[in-house]
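One chain, chain A, appears in both complexes that follow, with chain B as partner in the first and chain C in the second.
Then we have the complex of A and B:
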């Protein structure tokens, strides 16, 4: 390896502090603006992750931070990127991390759904134990709008406004039978099982009672006339039966929240990430450009041809960046590539389990947060 | 075995108030608010909004124990304002921001296609002009005012008018 002799770098001219240019008042210099609005994702740990909220943060620069934080109404935007029946990806620009997190927490735990809670088992001769079977039934997502139903408490009788009744009666006659969720039949008239009493006179007087008291059939209710209630997916395996084994049970579904049990969570999951920003601090050319393009597993970088015929790397798709930090591995690469995140731009993804479509879920989450705020305010004596 | 019931996380028992307030005897303009059956969801948001208030000198929240479902919010203000005032102001501002957020989100979802009328005489208006502009608070309010609240409201209930694809993007 040939050693290139070089002279010592020329001494930098000394400038007196009095001759230096003034710090611009009333405006943030670019490095402070970057600290305020971006998370710097270095190779060891991210820095400047907290949001600068207080209005006196830049008082020494004679700059009122409340002006920068703004006017939520002027800066806030929503962009929907992708929307299917079950899944949605959208951007929210201009909110703070705490609000984004609040929505995520509410979507996972506080938007109510219907799920099977009580299982009345008349006969279970399968190898799946009663409690395991009941647990599995509870986790099956039910395709029904929970806003139509009311909550049920311990003292309430189950009626058509707070309970959905399903029946499962399967018997395996020969071989192996896989019991799938399409075997769950909806009973719009309520429970079919009679409550056993030891007193025969009671039965004679008031007639035999079932476990639910439906005033009218749920099939008559306008929401369910054309779309019957059932599980969202027809092919969920509940149990497997051998020859001669039978399952006969009735399942009651009630309204609940994810906070009580995860079966009532309306989202498969909901998550957010901040918008990544990738910047090339120096020109990356030729061999290095190829190397950079190869490094990135999600193809953030691409190569373009410059006018002089050289190949230069540029950032093609920063949104795809997963922050794997491959591109800043090594001392020299850290000087060439800067990875950052924009602090107020959140990319939300909501995957619904099917009870409600994802956009309705988000609107419900906002309503729930508004209700919470109101409760916290109004209940202060 | 010792875990509290899950409904304890959100059901306020009889006799306890949801929010209680304790002034600090040693420091002026300082108070602690104890909010029962709440967690980081509301605590962090409240703290964030309190920080934005120029009169607030100190604002923080904590959960004293993860199995006791309450938060304590501590606020110190300058002499121009009181902790009670700061708390009320913060929540009112949050309420307004959330309703604005809901409006912009609904506009972003449904604003492109608008259903006029209801029942058998439904017609769909393609609101291309407004799509070109960025949906801002003022624009959205003006838009709703143009067409009337009731028209916008009847959109949500018509199942077949849920158009998903945004023009030009997947």
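Then we have the complex of A and C:
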């Protein structure tokens, strides 16, 4: 027989839905914090991909989501992983995707370089048509600092501050000849081709005119005294000639931006990915551990021996994860493994084409975004 | 450059020529982080026009009010206006959209400056540690 008490049960205290005693004050509950800071990669599709921007997003919980600049200054971090002449990888932590993406877009489309734009063809008896040849020349990366040069507009006369002239004169005497980019010869004094005029008196008066009017030789400029201008790579094939075929031309390189034509893009590519986060939700042991290790094509998981003599899987290298989602295939695996991405941690990679080193390109890109803001500010005031 | 009614300074559309997602999306981010903004967004009216419109609306209510009224409003919502965290004047009157937009641009410039500084430091650090390794290999 159960004991019956005469006393009534004490009344339950009323708790508001917004008043969560188990959640520490001044912080988001864990599930919301996860949605705010992580992209959840489920087997069907990723969720919570957007970033919570509005300053008042958590106002009902009396939490401030405004991006105080002091916060940004304290939390922002850069960590260089790999850096060499043409390539770099670095981690950018504590910044929103919109700004990281702005840097990426500027790197690809708005950091200027020099590229061949005009080709004056004196003779081309090769099988490569003039326009195809000109296009191929345009795509050759040129190793020169574009910051030394000015933009040229349609009515400007080409001079030593806005144009680089290359000469290409090759002839195949017997057999076959492969013309490579090392045949491009820099002309620091400007064009060697004379402008044809129908009026011979004019030539007598002002002397013969070339296609450029250089005030002085580019070779004397301090930037190029010790490092002559030329193609970044010597072995880019321009054309192939048969016996008796000849190419004689002059190529004029000017300053431009990637948004006009990709040949001016300073990067082979620039991209970022968010840092992957892999978590084991329960212990995965023995046969399952081995299965998990085998499942992953990039070896994110490894196996360790536990004190009880079991084999237990652990996350060894989450950074390598490509989010192929092979490890969460099948219903039971979704309960064991969670894949996420950290929203404010970007693994940024820049591959330079060679005009400027990658770290300089990034700094230039950031400066360009600043300049854009300055421009709008000056228009507003 | 700027559209919006003359009477209402709290909302405006800024039309920027020769700009695209690069600037607009970044500014939208900094605008959103500002507690004075109630709404902001941007659009590119046509893909072939190099133009972007940025809409900024700041805190509502255009009524002129005295210190007394602010206290009344605060009482109405059972809160002390000093505790709300907003300046009572900005809550009721609203800030000019132009001012808020300028501040957002300045915030972005500040962010860029800090990014550049931090990045340069990180590159220097990487170079130093690398040159140290090289010295170890080749005595």
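Quick note on the criterion: the second predicted complex is superposed on the first by the 351 of 381 C-alpha atoms of A that agree within 3 Å, B and C clash if a C-alpha of one lies under 4 Å from a C-alpha of the other, contacts with A are read in each partner's own complex, and residues count from 1 in each chain.
The working rule: a contact is a pair of C-beta atoms (placed from the backbone, for glycine too) under 8 Å apart; a residue touches a chain by one contact, two chains touch by 3 or more.
Just so it is clear, the structure is predicted and the values come from calculations on it, not from any experiment.
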Key: When chain B and chain C are modelled together on chain A, clash or fit   = clash
Query = Taking the superposition as given, does A:257 touch the first partner, chain B, the second, chain C, both, or neither?
reply = first
Message = I'd like to know which partner A:180 touches here: chain B for first, chain C for second, both or neither.
response = neither
Inquiry  = Once chain A of both complexes is superposed, is A:240 in touch with chain B (first), chain C (second), both, or neither?
reply    = neither
Message = Quick one: is A:36 in contact with chain B, with chain C, with both, or with neither? Answer first, second, both or neither.
response = neither
Request  = With the two complexes superposed on chain A, say which partner A:232 touches: chain B (first), chain C (second), both, or neither.
outcome  = neither
Task = Could you tell me if A:105 is touching chain B, chain C, both of them or neither one (first, second, both, neither)?
result = both
Inquiry  = By the touch definition at the top of the document, which applies to A:83: first (chain B), second (chain C), both, or neither?
reply    = both
On chain A, the residue positions that both chain B and chain C contact, one per complex = 53-56, 66, 69, 72-73, 76-80, 83, 90, 92, 95-96, 98-99, 101-102, 105-106, 110, 359, 362-363, 366-367, 369-370, 372-374, 376-377, 379-381
Remark   = In their shared complex, chain A is touched by residues of chain C numbered 1-2, 14, 16, 19, 21-23, 25-30, 32-35, 37, 85, 98, 101-102, 105-116, 118-123, 125-127, 130
Touch list for chain B against partner chain A, complex = 6-7, 9-10, 17-21, 33, 35, 38-42, 44-48, 51-54, 84, 87-88, 91-92, 94-95, 97-102, 104-109, 134-138, 162, 164-166, 169-170
Query = Hey, which residues of chain A end up touching chain B in the complex?
reply = 51, 53-56, 66, 69, 72-74, 76-84, 90, 92, 95-96, 98-99, 101-102, 105-106, 110, 257, 259-261, 357, 359, 362-363, 366-367, 369-370, 372-377, 379-381
Key: Contact set on chain A toward chain C in their complex   = 53-56, 64-67, 69, 72-73, 76-80, 83, 90, 92, 95-96, 98-99, 101-103, 105-106, 110, 359, 362-363, 366-367, 369-370, 372-374, 376-377, 379-381
